[in-house]
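Let me begin by presenting the structure, written as structure tokens, before commenting on it.
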Amino acid sequence: MIDLSVEIAGIKLKNPVMVASGTFGFGKEYASLFNLSKLGALVTKGLTLHPRPGNPPPRIWETPAGLLNAVGLQNPGVDFFLSEILPAMKSFEVPIIANIAGFTIEEYTQLASRLTVPGITGLEVNISCPNVKAGGMALGAVPELAAEVVEAVVKATSLPVIVKLTPNVTDIVALATAVTQAGAHSLSLINTLLGMAVDVNSRRPALGNITGGLSGPAVRPVAVRAVWQVSQAVDVPIIGMGGICTSNDALEFILAGASAVAVGSAHFRDPLAAVKIIEELEQYCIENGIRDWKQIIGAAWKGQN
Amino acid sequence: MIDLSVEIAGIKLKNPVMVASGTFGFGKEYASLFNLSKLGALVTKGLTLHPRPGNPPPRIWETPAGLLNAVGLQNPGVDFFLSEILPAMKSFEVPIIANIAGFTIEEYTQLASRLTVPGITGLEVNISCPNVKAGGMALGAVPELAAEVVEAVVKATSLPVIVKLTPNVTDIVALATAVTQAGAHSLSLINTLLGMAVDVNSRRPALGNITGGLSGPAVRPVAVRAVWQVSQAVDVPIIGMGGICTSNDALEFILAGASAVAVGSAHFRDPLAAVKIIEELEQYCIENGIRDWKQIIGAAWKGQN
Amino acid sequence: MEEPLKDHHCPVLDQVMISPGYYLLSLTAPQIARAAVPGQFVLIRCGTRYDPFLRRPLSIHQVKRERGEISLLYQARGTGTRWLAGRGKGDLVSLLGPLGRGFTYSGREKRGLLVGAGVGVAPLLFLAGELAALEWKLVILIGARTKAGILRVESFQRYGFVKTITGDGSTERQGTILSLLEEETKETDWEGIYACGPRAVLKGVQKISRETGVPAQISLEERMACGVGACLGCVCEGTAGEVLRYLRVCREGPVFDAGEVILHD
Amino acid sequence: MEEPLKDHHCPVLDQVMISPGYYLLSLTAPQIARAAVPGQFVLIRCGTRYDPFLRRPLSIHQVKRERGEISLLYQARGTGTRWLAGRGKGDLVSLLGPLGRGFTYSGREKRGLLVGAGVGVAPLLFLAGELAALEWKLVILIGARTKAGILRVESFQRYGFVKTITGDGSTERQGTILSLLEEETKETDWEGIYACGPRAVLKGVQKISRETGVPAQISLEERMACGVGACLGCVCEGTAGEVLRYLRVCREGPVFDAGEVILHD
């Protein structure tokens, strides 16, 4: 067996394939489908300080090679998560990364410090959710504000801090540079693209929240571009995501500069997508005589063929 | 027969369906496939002051439900266009909108004034091309610079000025507002999304130019969102585009607030896409008892069902 | 029920168009056949590439446990179901399931009223079979706009007394299924109403259930992504508690007690 | 040639896998059959939705004008060609064409050398037939890595003398097609070389043509979107003029004089 392990911001992963926030809940539902310990890491649904009901339905709308979602961070709140959900997650034997979403800097720091507990391996700071009015993308699109959030979070926790960026900006490199300087240990690229659909039958917006986040294979070229640009500009490891469905897709991100990847919407088409990708990556390394798979990280720009 | 006519910035169109810049050349190639006078308007390939060879191949890369292109504004230059191409285009009997791309404000104004000739019905100012280094998106992503370009172009021509915006910005409404205040008579939304692909076999970027512009059905939700946001914020008519393949897609844009639409990449799949959409729109109006189709422009936000 | 949830690759046994636009698809799916209860559904992968991207939810229509077969009844509407309609004998179809919470039934009187509007009859045939096996007396109301939408009457007749109604009067009675339901609930004292169909019909069922006091279970539809409860995409509004709470149609449903959910237009 | 360019919906007559992964597809396409010249191609729409999105370019392999039929020879590689390989008798396939500039031939000596590497033989069979009808003497070189890639030898033998070569020596000779070509050009005085295959082979042909002075025509491949010359997507670098000039493979090509283009790796 090939060693696919990698270290991201001090987090040791047995392989570079995570599951993306919001597409995998808190793992329970998929645990009946496969052994979650096969995963590199599990990123939780976005957690907020207080419970949130989320947006009114419809929350999902299919689009060509993708989907729009406007879940709106429905979650039971951090306290419930810590007392009722996290304990049971330990049996999955997989590194757990908590995705956190605040509406003020203060909320982000509170979330970070409360989640700095055994059982949580890292934090993914979601400053990129397109489906809520305050916080989320509003904070995450302005480098200065984003940096403030990150600086405060890094102070509030001893855990590795991964910052998840939105692609809905003019200059993602500026954003990445700002949050890295503010202390981010790793970056997740990308959250969903801001999109929308109109239901031609009702002549009204298709989603309850009107706009939503676009994900799935349709967005992959945008995500690969973000990884390519950012990985050359910053020194922290990057977790690439956006439309990854196969090991070929995962390799595209790795070659573009990602040190790990996350599989999201692909689960909706194939619930075993992440595990299959892990197996195929092993196969790829064997077939291509790659001893240390990490040598191909960024190979597309490092020019190492 | 239903009257599908509409007026955009003083340009009378017999129907709201144009063909998008760069996907239809200067019309000649498609003229052997159908009668171009059926179209609402023909938007030319982007014209520059001087001839441009364009980017090295590969220039095209297929992606899920879309494609990346990095043509890089290959064109014979405005003088050649005026002397050798435009005269022959008159036989198409279709309004011709010249798409112009400069690398400085001065180039934009020179292009605008030279193209202010009989036979040209309007100008589409491309400040959104992702495939060139200077000008293009570099100017088009900053509201102040974009407004400067537009102000200068409006002064330099008596033709209606349509400004084509990039979706690769944090705040497309700010951009739209700036160029509208600067005198734009109409807006085209959207140009391509900045994307990229890695060829996993060669482990190198798939496109000669490395990054490219993403178009096709994959981007439709982003485009519809842009039209929805901008049409509520400005008073000028909007030409919607991005992944339109069927009349249903066109209606999505119209309901979201577009007064006309342009069909681009769809031609690559079905060269008759634009004509079919026109026929289907007529049919839609008949079946839905719509006398004046313009009443459904923006219906999704005006709340007129 | 101790079958693990799985993505099953099931060979098509047979597919017939039973009425214009409506298909009956039989598949070999022994594990689903063993595990499923009436009201549950499967998520079907449509197409071989990424457009269409999402799986389609379809109710389990019939189950032949001994033969390891199930059937689905569906209307070909959009890209996914039209693709499915193109599958034929021997083709493999990927089914995730059985999913969701089905109907519950534990009456002492064993008198049930089934209400199926249009293709909403899909989950009810499986239910009718199970109830009939438990010796329930059933009246099955089937409504649609036109005769072409009245489906599977003969099959239902094996399990109970069927009454049909159409909007255009092309079957025995003209009118809405809700008018039939009102009559039935006036005449007889039912232990339970089991309904599936368009939202407007289900709202009517909620109202009649409230007014008559007959408990009703309704099977809802919502757009789905994961189908297993992970993405929170498929919710409807719940009535329990003080604060707004959304319930997952794929997990807490698709079958709900009529009083459990608020149906918006 | 006065047939208008059209998107033709052509019924499949027959499709056979002639070697592992290689398919011969026959279609009813009377207008294309009438209008096409050797070296031209068609753009095929693959799939029914938007993934795959772009059409696939395939050369016209054979034409039966009287019967209104054409055939295509292709390798199933990715999503589009694999989809195509799934079509069977009676299915409709949408073909845009005939497209591009084909081979030209007007020699007095009528001695031609055809060079087909792998599936590069595809456009050459149509050419061989036309040349043979004009009483050209042909030698046809066919090369591939292994025997499975040596295609259509018997069909070519009707039109000329065929020599094959494989990288692993699994046919008469072991080596590269370029070594065969070098020998041939040494021995005989040819009027023209007509070549199709991977870029490396075509570069070799360019070199040999330059060195021997035998004019060569080469058929290029490039990724395409419109296929009609409108999008400027499919270019290769031209040699003419002082300034860099890109030529459209779909319009100025796919067949170019060997000296007309610069092939990069």
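First chain written, first letter: the chains are A, B, C and D, and each begins at residue 1.
Quick note on the criterion: contacts are C-beta pairs under 8 Å (C-beta built on N, C-alpha and C of every residue); 3 or more make two chains touch, one makes a residue touch a chain.
What you are looking at is a predicted structure, and each value in this text was computed from that prediction instead of being measured.
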{"item": "Intersection of the contact lists for chain A and chain C", "value": "B, D"}
{"item": "Distance-maximising chain from chain B - centres being C-alpha averages", "value": "C"}
{"item": "Distance between the centres, which are taken as Cα means, of chain D and chain A, whole angstrom", "value": "46"}
{"item": "Separation of chain A from chain B, taking each centre as the mean of its C-alpha atoms, in whole Å", "value": "33"}
{"item": "Geometric centre distance via CA averages, chain D-chain B, whole Å", "value": "36"}
{"item": "Chain centre separation (chain C, chain D; CA means) in Å", "value": "54"}
{"item": "For chain C, residues that touch 2 or more chains besides their own", "value": "49-52"}
{"item": "Residues of chain B whose C-beta touches two or more other chains", "value": "63-66, 216-218"}
{"item": "Touch-based graph of the chains, sorted into line, ring, star, complete or other", "value": "complete"}
{"item": "Footprint of chain A on chain B - complex, ascending", "value": "63-66, 68, 141-142, 168-170, 193-198, 200, 202-205, 210-212, 214, 216-222, 224-225, 228, 243, 248, 251-252, 255-256, 296, 299-300, 304-305"}
{"item": "Interface residues, chain A side, partner chain C - complex", "value": "22-25, 28-30, 32-33, 45, 51, 53-54, 56-67, 69, 71, 74, 216-218, 245, 265, 267-272"}
{"item": "For the chain D and chain A complex, residues of the former touching the latter", "value": "49-51"}
{"item": "Residue numbers on chain A that touch chain D, as the complex places them", "value": "64-65, 217"}
{"item": "Residue ranges of chain D touching chain B (in the complex, touch as defined)", "value": "4-7, 45, 49-55, 96, 222-237, 243-246, 251, 264"}
